[in-house]
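Shared between the two complexes below is subunit A, which has subunit B as its partner in the first and subunit C in the second.
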Partner chain A sequence: MITEKGVWNRLRLRLLFTGPTLFTFITVMIIPFLYGIYLTFTNWDGISTTQTMVGFQNYGAVFRDADFWKSFGLTLKYVLFTVVFTNVLAFLLAYVLTKGIKGQSFFRAGFFLPNLVGGIVLGFIWQFIFNNVLVYIGQQAGIGIFSASWLADPDKAFWTLVIVTVWQYAGYMMVIYVAGLSGVPGDVLEAASIDGASGWLKMVKMTIPLMIPSFIVCIFLSLQRGFMVYDVNLSLTKGGPFKSTEFVSMHVYQKAFLSRDYGVGQAEALVLFLLVAAITLLQVYFSKKLEVEA
Partner chain B sequence: MKLFKGSSLMVLLLAFVVVLSACGNSADSGKSSDSSNADVKITLLNSKGEIQTQLEDAAKAFHEDNPGITVEIQAVPTGGSPFERASALYASGNPPTMIMMDTGDVEKFKDRVLDLSEEKWNGDAVVNATDLTTFDGKNYAFPLAIEGYGFIYNKAVVDKAVGGSFDPSTINTTEALEGLFKQIEASGKKALVVSPMDWSLGAHYLPLAYAGQNKDMAEVNKFVDALRAGTASIADNKVFNGLMDTFDVMMKYNIDKASALSSTYERGPELLGKGEVGIWFMGNWSWPQISSFDTANGEYGFLPVPISNNAADYGNQEISSAVSKRLVLDKEKATPEQQAAAKKFLDWIVYQDKGQDFLVNKANIIPAFKNITIPAADPLGKSIQDYISRGKSEQSMSALPADHWSILGASMQKYLAQSGDRALLAKEIEEYWKTAK
Partner chain C sequence: MAGSRKVFSLLKLFGLSLALILFIVPFMFLVMNSFKENREITSNPLALPDSLSFSNYTNAFEKMGYVDAFSNSLIITMLSVLFISLFAAMTAHYFVRNQTKGNQYTFLLMVASMIIPFQAIMIPLVKIYGSLDMLNSKWSLIYMYIGFGSSLAVFIYHGFVKSIPKELEEAALIDGCTRIQTFFRIVFPVLMPTTATIAILNVLWIWNDFLLPSLVLIDAKQRTLPLSTYNFYGTYTVDYGPLMASLVLTVLPVIVIYLFAQKYIIQGVMQGSVK
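And then the complex of A and B:
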């Protein structure tokens, strides 16, 4: 609470606390963002010392770039599956690991562990597993589905990405759900039991509605991570085979730095930003309406 | 509280000063240490990962000859492109003194790098070595290495297959190549391994279809321009179809036929070196990896990639080669002392015994300079030098658009995995060129 008298005094005290953060935020977030918007109106190639203004030409190019929309569609599919699977698995894990079973802290730590491994390293590890370990096992044991590398087939490569992502994030979301589950008041559930509610009914009518805030956070996080995925995509499949698993972040990066089309790449990044912002804001807005009080 | 009120502005200012001065210091520190000392420190961004240690040794050797100059070798991360890394370093205001680039990248950097036309080594460079890096009569890059590619054969395997000493000049048509594949299979080995990397298929194999159009590079460029304009057809082009006929044969005898895309680069040198296959489509840069598996007493060589069944057609006896790596010198942040030191380093490579030794014997590079007479150190380099000296060399397409290898490499992978036919491949090539920069 700022109680100083006078505009200058109040401003001064505010700046004392928020100033450094504000300064950093403006210099490393706002200015580059605005500069990025400026670059979408130029034909810069990423390195030359001169750049020409080209108006809205780059935005036109974004809408004509069929590969961009194809990779965006693929990303949507990926987001759909990872969000659903990650959250279902995370919730189940959290539910089981709050029952008080033996060694539950150990299991919690174990499921959380994949989060501590960086995406690039994780991608390489799984690449080895899918390319070598599973193929070896598949060939020795005669399991048809594993006898050829999953990463060489467009559909299977997509599912490897989903599997690895779910494996990586489920533990993290589980931690949030564990906190949410422990926050559900015991007396409410007890009262429900006395009224004769079954376990399933308690879950659907009491626990889940009371945990809406956890769901909002977890779905928001997994949505945002799904849309922005790059590291696992790069190290696990490199967008291959033949660009069939190239997600939208990778496409934007390649447009800007590989095709040397910085202006179009930047415009695509901005379009992507707007789309993802809209989707996540809508998600938060509508799920907020589901919140209830105990 | 009163004390706090009075001093809050000062604390705030102090905080800013600390932040700002921290920024200022780090930006200046590099320069001030350079000008205050007599020692000059220069950096080289290396994009040929396989010679990283050799370059570090060369930097040490150069330092012994020139105690005032220290060369630090930086590496482009594996899989990264030199262009990406260099533009990121420029964007951060911290470019290396020397950057090793691919030929096609030099033009983009020409506003930021030194004009090297006045350097002595220009006069000693081999024919055409600086053509692609000369703009408005000024040469901006130092030609570091000639590289070539084609079918590498393991002599021990093919000798056994043909029952005698193998003569590479007998392979000059697609039929002859298939005949050799059959002989190798009959001798109990696998014929060849096709590495499915997009850069190998998109930057090396497919460009043979452009370069093979004509012996005259100007005609090749005209063909590429016609592709851009959409007036040339690839689908019924003779060279393209001949090249893809050869590719069909390669796919038929590929050891990894069952799952063509799951093979990796590392598998190629191992299979070839151990003699499990007779042939691998790759370039002379792979020698260090092959030699670590070598079972053929170091006897390897190149075969051309045939594009027809008429031995006299251009391309059937030629090996694709060109200057592939260039060094450019930064002019924006490098001080005059650093620029002079970097130029000295280039002269050292071309004219000093130790420099030449590094280039040819240590780094296994085929030099792009006439005055360097040391023969290539490895069998693959020797084989390419042999083709060049006999006039059997086809200029590689080293200035293709930057995303050519990635986009059309993917199209080639699709063909290799039999997810698309030749008509689709031709369509994708034509589509690509219409929008290529």
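And then the complex of A and C:
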């Protein structure tokens, strides 16, 4: 490649091309992230201009904060169920919708629809469905399970969040699986059919192994979104009833901005970061090992 | 054999249609009830409205400050997406064409930063930008979106710049184009499909984002659409009619755009996922 003459010219070019991106990236992501690590060692209350160093005291407080671990456990359970259900449903939809069914792009468009609408609005829509529509149907038709609002029951409120999340993301993951499925070479599958492989065998031995990259992307995305869920949680249940659906993101928010316990809140956010990073890296590592070449 | 296959495909179509109804029906309840009075909604949320009255809509439109919220959302989304695409394309292009150790490590750092959850940044972000007196302005919010959005955009562009032949750019340089002209006349136009993908992914994210704007924008005049919906909902919790209308008003713009551009949106999401 031809290069510019002179140090000054090269520097100017570098600044022009990478300056805006790197400056915003560093000032918005990197500095706050590093400063956040520093904040976990202070006792900032959100108002005073100075903070004192408190060592590892905040981390001690994280381990003693039973509510944090409860919300963390709830989040893990929520992530587990949403990742499994979202991906199974999305894969099924994608599988059926790549078989050349009449109107398949219409179906795809319909299943994708919830992803256009923000979590806040989706939460409010479903709040109405769970509180009014289902209760009305339950009472009129005498279906016991619907006759009282699910959002008032701590166990069922958890499942409302799982249902809404799966409903929201299945269409998105379906689109990714559709892309993956259309990348599976038809001649390989045909050769298998000629050799006498059944539909199920082809699925397990060929299609799924060839789709590992799609699974990596989808599971990675659904894991990340699951751990970070906030807006649907806020508008659908607000963490209630009795904190039974307060997921970790909401807990960190409450701790920092409502209880003004910034040091502990930030320490909890970092613990969350470490655990999420570990889980996603492990997931990517193990899925890469499963990858095969067509 | 042929008969059973037909039954099977009919069953499949039936299952799909049923699933689709489950995906669409919440929106239909929303629209239906947005035309009703409170009394009608609570007595039977399944019934069609007695009469077609838009009073819920005018009510919600005014009280949620729809015009302000909509134009704030529009400005924030458009400018953020514009700058993310432009800056990220330039950076990715530079990184691919100048593969020094430093650039490679910077690129790796950007990719690695994608696993940092926003929750790990929000508290220091509010503290830093609060002390600089940069909160409560949509310009700060746009600035932050550029910072948060650039990693993924640089990552996606990086993959595609590699497929542009170097000779194309060298020819332009020899013909007397400056670097900047080469980028804008040759590289950026070639990257157009990728730009469309990045724009779609970022519009979906920024238009609907709630947590970041809720931390940055305090003033009611500055609110984005999701924020004003949330606030409206918090203030009028019992008045179902206007609440439903406010949700329809929030959803409507996206649905209208989706009707026209669904093919591109779905394609964009597809391409964005393939690494």
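Here is the rule we use: the second predicted complex is superposed on the first by the 278 of 294 C-alpha atoms of A that agree within 3 Å, B and C clash if a C-alpha of one lies under 4 Å from a C-alpha of the other, contacts with A are read in each partner's own complex, and residues count from 1 in each chain.
The rule we apply is simple: contacts are C-beta pairs under 8 Å (C-beta built on N, C-alpha and C of every residue); 3 or more make two chains touch, one makes a residue touch a chain.
These figures come from a predicted structure and were not determined experimentally.
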Going by the contact rule set out at the top, does A:K243 touch subunit B (first), subunit C (second), both, or neither?
first
Pick one for A:S193: touches subunit B only (first), subunit C only (second), both, or neither.
neither
Which chain makes contact with more of the residues of subunit A, subunit B or else subunit C?
C
Which of subunit B and subunit C A:Q139 touches, first, second, both or neither:
neither
First (subunit B), second (subunit C), both or neither touched by A:L15
first
Could you look at A:I47 and tell me whether it touches subunit B, subunit C, both or neither (first, second, both, neither)?
first
Identify the partner contact of A:F227: answer first if only subunit B is touched, second if only subunit C is, both if each is, neither if none is.
second
Pick one for A:L258: touches subunit B only (first), subunit C only (second), both, or neither.
first
Which residues form the common part of the subunit A surface touched by subunit B and by subunit C?
4, 13, 16, 20, 257
Can you list the subunit A residues touching subunit C in their complex?
1-2, 4, 13-14, 16-18, 20-22, 24-25, 27-33, 35-36, 39, 44, 93, 96-97, 101-102, 105, 107-121, 124-126, 128-129, 132-133, 136-137, 167, 171-172, 175-176, 178-179, 213-214, 217-218, 221, 224, 227-228, 230-231, 234-235, 248-249, 252-253, 256-257, 262, 265-266, 269-270, 272-273, 276-277, 280-281
In their shared complex, subunit B is touched by residues of subunit A numbered 4, 9, 12-13, 15-16, 19-20, 23, 45-50, 131, 135, 148-149, 151-152, 154, 238, 240-243, 254, 257-261
So in the complex, which bits of subunit B are touching subunit A?
5, 8-9, 11-12, 15-16, 19, 79, 81, 83-84, 86-87, 90, 108-109, 111-112, 198, 258-262, 264, 401-403, 406-407, 410-411, 413-414, 417, 419, 437
Residues of subunit C that touch subunit A when the two form their complex
9, 12-13, 15-16, 19-20, 22-24, 26-27, 29-30, 33, 41-42, 44-46, 83, 87-88, 90-91, 93-95, 97-98, 106, 109-110, 113, 115-128, 143-144, 146-148, 150-151, 154, 166, 169-170, 173-174, 179-180, 183, 204, 207-211, 226, 229-230, 233, 240, 243-244, 247, 250-251, 254-255, 258, 262-263, 265-266, 269-271, 273-275
